[in-house]
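Shared between the two complexes below is subunit A, which has subunit B as its partner in the first and subunit C in the second.
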Partner chain A sequence: MSDLLSVEDLEVSIGAVRPVRGVSLRVAPGEIVGVVGETGCGKTLTGLAVLGLLPPGARASGRVVLGGDDVLGGDPRAVRGRKVTMVFQNPGTAFDPVTTIGGQFARVLRAHTGCSRRAARARAAELLTAVELPERVLDNYPHQLSGGMLQRCMIALALSCEPSLVIADEATTALDVTVARQILRLLLRLQREHGFGVMFVTHNLAEARDICDRVYVLYAGRVAEEGMAHAVLDRPRHPYTRALLAALPRLDAPRGRLASIPGSVSHAEVGCSFAERCPDAKDVCRAETPPAHDGVACHFPGGAP
Partner chain B sequence: MIRFLMRRAATSALVLLGVMLATFLLARVVPASPAVAYIGPKAQPEDIARVERELGLDQPLHIQFWNYLTDMLTGDWGDSIGTKQPVLGEIGERLPATFELLAVAMAAAVLVGVVLGVVAARRKHTKLDHLIRLLSIGGVSMPAFWLGLLLQVVFVRALGLLPPTGRLGPDTPFTYPITELTGLYTVDALLTGNTAALGDAVLHLILPAATLAAYPAGVVARMTRATMIEMLAQDHVRTARAYGLSERTVTWRVALRGALPPVTTVFGLTLAYSLTGTFFVEVVFNWPGLGQFAAQALLNVDYPAIMGVTVLGAVGYVLVNLVVDVVQARLDPRVGLA
Partner chain C sequence: MILSVTGLVKTFGSVRAVDGVDLSVAAGETYAVVGESGSGKTTLARCVLGLIRPTSGSVLVEGDDTATMRPGDLRLLRRRVQIVFQNPHASLNPRMTVERLVAEPMRLRTGSKGAALRDEVVADLDRLGLGPAHLSRYPHELSGGQLQRVALARALALRPRLLVLDEPTSALDVSVQAQILNLLADLRTHDGPAYLLISHDLAVVRHLADRVGVMYRGRLVEEAPADRLFAEPAHDYTRRLLDSVPGRGRESMETAHGVEP
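== the complex of A and B ==
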């Protein structure tokens, strides 16, 4: 099957810093693909690059092709809100505070379909029903709604464009656990009904394992490991993925200090960027950048000999 | 809304009472005696005593203030010492001219200021942005009387494009007389289909309005630029872009909408400055309005006229800021009318 989204060797630089250093990933139509990693590994920038929405001052190179359209080379507005939409991390700030929810739906719907105000309202009410919200929410301002309700609105807004790809950027992070579950379930149900692909950006490995078909583990702007979600997260081969999983707090673990990964992210130009923090690092790790092989960018996948 | 208006009416009344007390006391503290001003420089002591008795100036201060208050409320604003006519009548005669000038100038200031501010924010750190910032600093820092003279030199003397002073050309009242309905010449000429007079009135408005608009336009432009830069970096503006809205919609509908509340507040504040600005502008452009009347009154130590204009200015200022607060609540649903 041809790819819905194909990102090849994406690099993003902001001044002298290169937060994304050659990420390649694919999303097939209707597939849910997780992009996981800790803060600052380049997850969000990768998502924004797909929309052509990088912050001012950021420069991107590589290839981003979405449903046949070259996003980096062409006009990203050809795909935004038509083929791809984004569900943002902070529902509280992602909506325009001085316009009603209905007004914001109308703005998007009318920009794409040129329909009448009345038709836009009817369509918006339908979309809200799909995310289990009452129609009266259309007349509310964002500050009158809870985070969970706003995230439902955001998902409904995403649906309004009938996209083939939805980028969910930490869509549940700002919500409490039970609401986050509801939002995930909603997203999955709509994904099954509408068949869009999902790029699920998260640092929550448990969520990624639960809903993703495949995952990419990003570290310091590179793909450290990729593969089927269960394979990668149940039998990690890259030491970073192993360390990340070991850092998950567990209720059944013996009491004591929580596990963490020593040190902090380094963006070493030479060698493996994880070498500094890797328990199994050898000399070759510091000298040579490991090539991706069989889905793992590590000199010693599965542990040192 | 009703409760809000009632509470504001009460606080406004307090403000006005304060203004009246202040103007009243100032008139009593300043050494120049109103009686002397009333009679003239050759006043004899017995005349002064008589006039003081007639005007009630021999009464205790609080009785005088009470008389002043009740007279003002019943529409007796005293007689102007300069013209010997009732102050309220003098003010009513000149108010339309000033109102027309102010309204045109303020509308122009908001329009020009907002557009320049938005363009500067969109083109942040380009040559255009620098030019707009220079213009707005110039508008804010140039005194009105000087700017007025400068514009006259350029557009009247050098280019000969615009008429120098007054509300109408010298012949217009005779060749195309305006039927006064509202006292606003442009509106009256428009309503009666008097296009020749309309054109003349508009031409006469341009320079004084531009002079008066320079300061608020500069302030609004600077405020709009700063707020727009902030707004354009907000999450919800990014959302709007992510959902495929055009840059034009994002700028003028989404970001500007959010930038308007603070701009409105600042604009309301500059209005007080513009009210005093009319004093200079009307003198420079020989505009037969309140500002010119007030300037004359100041020079003649015409207490009733000064006090009348001051109270009227205070009423205007209080009303404008009431309107600003209501507009503010309309623009931003998070601001309540409490």
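== the complex of A and C ==
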């Protein structure tokens, strides 16, 4: 199947820093793909590059092709809002505080489809129904709604122009656990009904395990490991993925000391970025950047000999 | 008992934020309060710290009632009850070095000055995994995990009997969270304080807590030893919380369980 989204060798530099250093990933139509990693791994910038929303001063190279359109080379406004939309982390700040929810839907719908106010309101009501909210929410201001309701509104807004790709960036991180669960279930149901692809950007490995078909684990701006979500997260092969999973407190594991990862992230230009923190690192790891082989960028996948 | 809370009620206008809570924490024990936004867990913590006065009920710290304390006594109370907040970027003075941040409470307890005070600060920081190189740093020069260690050092410098931990690892990455959770477990074994852990993360709670109280709409709806609470949750809301913990795969998404709000 041809790819919905194809990112090839994406690099993003901001001044002398290169937070994204050659990320390649793809999303097939209707697929839910996780982009997971810790702070500073480059996951959010990768998402923003797909939207053509990199911060001022950031330079990107590589290729980002979305449904046949070149995002990096062309005008991102051709795809943003129509083919690709974003659900942000904090719904409390993503909405205009002085406009009703209905007004914000009208703005988006009229800008993209040129429809009448009346048609926009009807469509907005329909979208709210899809996210299990009553029509009266259209007359509410953002501060009158809970975080979970606002996140439902944001998802509805993201779906308003029937995009083929939705980027969800830490979409549940600011929510309570039970509400986060409802939002994930909602996203999964809407994805099945509408068939859009999802790029699920998260630091939460457990959530990625629950909703993603495939995942990419990012470390220091590179893809450390990729594969089917259950394979990567149940049988990790990259030492970083293994260390990250071992550091996670779990309900189904015996209580005891958690494995922590020594040191801090380095963006070494030569060799594997994880080598300094890796229990299995050999000389070759510090000398040569490991090529991705069979989904794992490691000289000794699955442990040192 | 280090802490005994009896019939605690705190209202704000017509809202009963805490609506009749009883709990107690023994020396060296870790008691976790779990709940979601609006459950009243933060208001409970603020009453325990004596930051706000309960509407009714009592909060006893080693037998002393904080509700009837005068301001001077409350200041003394804070040497016995300390707190570590979720976001160390916001809770540490950005214009003070690590040394000053830790020396300030340390001097209150030991009365030391100069080189002796500095040695005490160095020793405490070392126990928390921060070397002397950090003494001259400012908060913005440190990572989130390092800052949370400084916040812990500051709280522990007073050798409190009770440490309130308000979502202490929620703002941290997984690998750093593991370091801080291990550290908290280690500190408990050295004649350390009892912990009142406030958290919404059930995996973290299970990892650290001896007993758990589940708060919902201002009330403790269930309280049990941690092992039992996670193995046999008795209250509907506890079961719903447990069902919401992610990580059991796609199949767990299909079986919606429990009551919807």
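As a convention for this text, the second predicted complex is superposed on the first by the 296 of 305 C-alpha atoms of A that agree within 3 Å, B and C clash if a C-alpha of one lies under 4 Å from a C-alpha of the other, contacts with A are read in each partner's own complex, and residues count from 1 in each chain.
The working rule: contacts are C-beta pairs under 8 Å (C-beta built on N, C-alpha and C of every residue); 3 or more make two chains touch, one makes a residue touch a chain.
Model, not experiment: these values are computed from the prediction.
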Subunit B versus subunit C as contact partner of A:17, first or second or both or neither: neither
Partner chain in contact with A:284 - subunit B first, subunit C second, else both or neither: neither
More subunit A residues in contact [subunit B versus subunit C]: C
A:230 touches, of subunit B and subunit C: first, second, both or neither? second
Contacts of A:98 with subunit B and subunit C, given as first, second, both or neither: first
Which of subunit B and subunit C A:88 touches, first, second, both or neither: first
Partner chain(s) touched by A:177 [first = subunit B, second = subunit C, both, neither]: second
Which superposed partner A:206 touches (first subunit B, second subunit C, both, neither): second
Common ground on subunit A, meaning residues reached by subunit C in one complex and by subunit B in the other: none
In the complex, subunit C residues that touch subunit A: 36-37, 143-144, 173-179, 181-182, 185, 200-204, 206-207, 230, 240-250, 252-253, 256, 260-261
Subunit C-touching residues of subunit A, taken from the complex the two chains share: 38-39, 147, 176-182, 184-185, 188, 203-207, 209-211, 230, 243-244, 247-251, 255, 257-261, 264
Contact set on subunit B toward subunit A in their complex: 234-236, 238-246, 249, 253-254, 257-258, 261, 331-334
Residue ranges of subunit A in contact with subunit B within the complex: 51, 53, 77, 80-82, 85-86, 88, 90, 93-99, 107-108, 111-112, 141, 143, 154, 157, 161
